[in-house]
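Next up, some structures in structure tokens.
Heads up, the next two complexes both have chain A, just with different partners, chain B and then chain C.
Presenting the complex of A and B:
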């Protein structure tokens, strides 16, 4: 192993270790909160005519009458061995369910992020280099409007336009990319369109601000004085030094996209982790809730590690440690 | 042999009653007659039914919710109803040929010859007895355990296709109760093989076989090639799709992404007239009801119950609840069109002046009208609760508080803890046949008697209605029930309701049963819009 890789490994290890307490806190809190949630899985299974005794018996059969700490350590013991348990009702492997559902959510989130990036960054670059012009003013206004519109409004509005009025896109449903790539594209478009506007506006505003600041730097003034073409200056001298900040926003935007996926997936009946955790909470399917929370913590830790590492790759002046 | 049917309140007059009796005598043949009037069915194709939630288990003993989209709707596709109630409240043969009795005490279940479960084991008397005995076993934790345990000791297997059930007491509604409470039979081999409820594999002899189940997302069922009633089922594939959001369900049907969904016209709005879409009304003679706490609080005094009826215009309450105008509040417990409907014994009508007098009298007697309305956090119910609070706040000596709980928490809060004065679950008392719902709501200890109303006179009337074979005596007994309801006001009956489907106009073979669940073997896809559904 080269000596140059050691700081990276150390940085990754430190951040992963820092993630462990977060993981334990979040998952233990979920176990504790599950005890406080009204109703029970047994009630849902047995129906509203079930007596308290029947519900208690079924809860005992599932181990839901155990103390919180006992249930948590039982679950944690399984996780350490790679066993997230089985879903409460259909008895599927939770790990497999998680992989299937996470793939759907990540596809939507990454596509939304990609769409946002390819729209926001070029526009931000252009308007930052032409501040105060009409296009700059118009885009800033549009960005403000888009930022103020919550996802649930975007979802209803775009679904009405594209699914009901124009009938161009399906109102609900999903097809996996591996099963039918074209159908997958057909189903993923509307969810992505719903998540992308807010993201694009946010990214545009941040990127524009960063580009504007960089454009004030001396080295950009020198490049201009040398008579370099604007496009070269923007790509070579403005984009690259501004990218760490844009990357940070992209990393953080994953958190927004995952949150937004709860609404989008629920509305469009897309079987991702957002919809899965909503239905799991409703049906008290705690093995699934725990597994998704674990995954979410893991995702956030990984995202922040990647963002930190990305800084140093883009700008070697940043110390990885 | 006299066919004993669930006596439907929708039947009118002796002719209709005689016709219904004749139909029940025909057993399975009547089911065929129902569909004979439909357009010519076409084999093949697929349909997708959208539900708001998925089932939790394939346990045939753990069933509830006889509404379209409820758990029984999905279980029916795989298991099929032994017998079912048609839209007129008559018992029809399903997986069984007939369930009949001469004296309402000894019942004979005749099974169809040659039916096997999809695992190859016979669908016979032993299998039916195994399922019922299992439901009666407290270890199964079946919600209908008490009902089945009250008669399963009287099961006698006469031959592989005949079961004789001797009930402890005569019960003319037994077939109706079986249809609604314990209608499914699964392969005993599959039930024995399961380690837990959730481990039960759906092995039935119904119209469809489970091919794929992505729990909480969708379910795909294929035609059962060995289904007893060939050429049914007509569909090659039946899918259930879970879409929790109502607007998304509607959009999907309108767009053609699914075949049908259950809902109400106020939810459909202008989508009901969209191209390629139609609606289908399922008449269920349902009553919206809420429960008065009869054990503690203001409603222990019948004057408070009367005042509550008189203080609120129920038509406007329903308008607030459903956001649709034009409701006419039910005047009686048995609605117009029911053979038990009587013009007398009406429920109190809107009379704010008298309501105020009653509130004042209660306050004077040291019984101030301070009520706690308990419901769950559903937008429709929130509107209803807010409307009640708003209207009653205009009266003197009245205080109303609202408590919203989680939906799953409502039965424990109301039924078990009785922590309410008025409990509104948004449910509809389905009255295709009076039983088992009437006893469940009004009989002492009834499963839906959440307010714990108890009146020996009512119990006697309900028993008399169930144990006699004489139609005149039944009418008299239910007349007494209606009289007592009008006098005691055990329930707050605030609206009548029926059910609707929003469906693609090429959907044929819509044969509802048990208050709305479609008999899926009859469904077919028309070429173009169906002329007759």
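Presenting the complex of A and C:
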């Protein structure tokens, strides 16, 4: 295994290196944003009525009077050591805050992804192998409808049904898994339910198309001619060749899920990174905004690395390098 | 095999018709096709592209789920067309081995070749993992793959086209089938490899005493390699008989035209090949009469109007459907 792992390590590190320029670009832009606002950054943060002494103190602590590039390198120097600074108002460690908040968002995103995967892929496999049958037609229409409903509509609708009419689930709030797993499940259900339908429909569509294409392959005809049962053919000969495309969609849909988390988290007052960045922007908490932007870039780089490595694991023809 | 001096019939097809769903109305791609193949004999099925050769094979194999099919297909005496789908697949998968045209796409690139060779043997014959592996490695050796043990666990992309077709042949042999079908198995390969694969098929067929069907659009492939030849045109059998007899004295005008379009070794170099003028028929609106009439040099009004009936030679071994057959020549002699 150790000899086999080496090319993977190499592949991961080259891809990480390739992600660095993007990371620098985005985080530098985030630093520059605070200088673009009219007036001084410190003034903006402290408000109109701040005394010049308060402004001087803030500048001394955070360096908002320094030129952008200098401030950026200071920040970058901290990041390299895992230090994202402190939040402006509560003076918490930004890194710690970020870890807590990201855990919430990831829990919702991964649960939504998991739910849609286990619903969409088996259904797609079944309907692709029975095209034109009733279930196929019905599911295709349902998927089209779900795809055309914007997330905020889903959120309002489901919240109304489950929280207000049926009162099965809480409309707002959050409990961490580590504090109380059952309560966590209770709070996480509605946000996940809101993100899953769109995600499921999208995945279903792509997977069905991909399975349908694989079913046309000559090697599937060969397997049929060999008299293998349909279930075996689907699992052995259709599923895996179709997975690279499905994997790409999973990677891309992370972008949707993170975007969707902004809406869902702010609607349900769930303390994830979406909710956090919105409140940080409102209160001009620049260290938090900057840290979340960098985290987002890092997440995307990591997702694309994972998707890339996934290809090499799925497809024997693709080399790691 | 001393036990059966008479060759036993492996596959017998009787009046196979096949309609494919199409707009505005279904298209009939096969018109009452009958033939049989016996153990230790081989049949060539010849016809231009679009003649319905692959359709015929798919119909026999039950690989045409959307088609409307009539007629009977008997495999070792069992009427497979009347079996429930699951049972039929099991019987056919067990008794028929098939090699398709394109070796590059016939193997699943995501599955090791060993598994692809042995999976149906494990499923149909209940072989254990070990027995199946032994059989697959043995078959790889039979089809001439060097290092079969190592190749067993390779993925298909390690192999060239010719090698892949050898692996497909090994796959076709895994259940020790009674019938081996090669549907244009060499068309996608280059000429030297073509000959190797054809020779391999022939040797294997003789050694294993199977029945074999060689499907091709190239008469040259059939010559000297098959006992009988069946000529298809526009979904009809136009001529059927012992290969040497059909080659020596073709009776149907289409067969004669095909033969004269074949390059001959004794022709001087750069002789222009005769080609058959005109287009193969469009099955969607087939003519009422003889399907070949629009391209036939001797066709009369009658040929366009009425379908010729099958004429059978005195000894019953040579048949053809032509209003104005080519003169019999020496054919009358037994």
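As a working rule, the second predicted complex is superposed on the first by the 289 of 321 C-alpha atoms of A that agree within 3 Å, B and C clash if a C-alpha of one lies under 4 Å from a C-alpha of the other, contacts with A are read in each partner's own complex, and residues count from 1 in each chain.
In this text, a residue touches a chain if its C-beta (ideal position, glycine included) is under 8 Å from a C-beta of that chain, and two chains touch if they have at least 3 such contacts.
Computed from a prediction, not measured in an experiment: that's the story for all the values here.
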Just chain B (first), just chain C (second), both, or neither: which does A:77 touch?
-> neither
Looking at the overlay, does A:283 come into contact with chain B only (first), chain C only (second), both, or neither?
-> first
Partner chain(s) touched by A:172 [first = chain B, second = chain C, both, neither] | first
Which partner does A:221 reach: the first (chain B), the second (chain C), both, or neither?
-> second
Looking at the overlay, what does A:232 touch: chain B (first), chain C (second), both, or neither?
-> second
Could you tell me if A:181 is touching chain B, chain C, both of them or neither one (first, second, both, neither)?
-> neither
Between chain B (first) and chain C (second), which does A:7 come into contact with in this model arrangement: first, second, both, or neither?
-> neither
Partner touching more residues of chain A, whether chain B or chain C = B
In the overlay, answer first, second, both or neither for which of chain B and chain C A:54 touches.
-> first
Who does A:88 touch here: chain B (first), chain C (second), both, or neither?
-> first
Footprint of chain C on chain A - complex, ascending | 217-219, 221-229, 232, 236-237, 240-241, 314-317
Interface with chain B, chain A side, in the complex: residues 37-41, 43-52, 54, 57-58, 61, 87-92, 156, 159, 163-164, 167, 170-173, 266-269, 271, 275-276, 278-280, 282-284
Under the touch definition given earlier, write down the residues of chain B that touch chain A in their complex.
-> 53-57, 62-65, 141, 143-145, 196-199, 213-217, 241-245, 247-249, 251-252, 254-255, 257, 271, 405-412, 415-416, 447
For the chain C and chain A complex, residues of the former touching the latter | 61, 63, 86, 89-94, 96, 98, 100, 102, 105-111, 119-120, 123-124, 155, 157, 168, 171
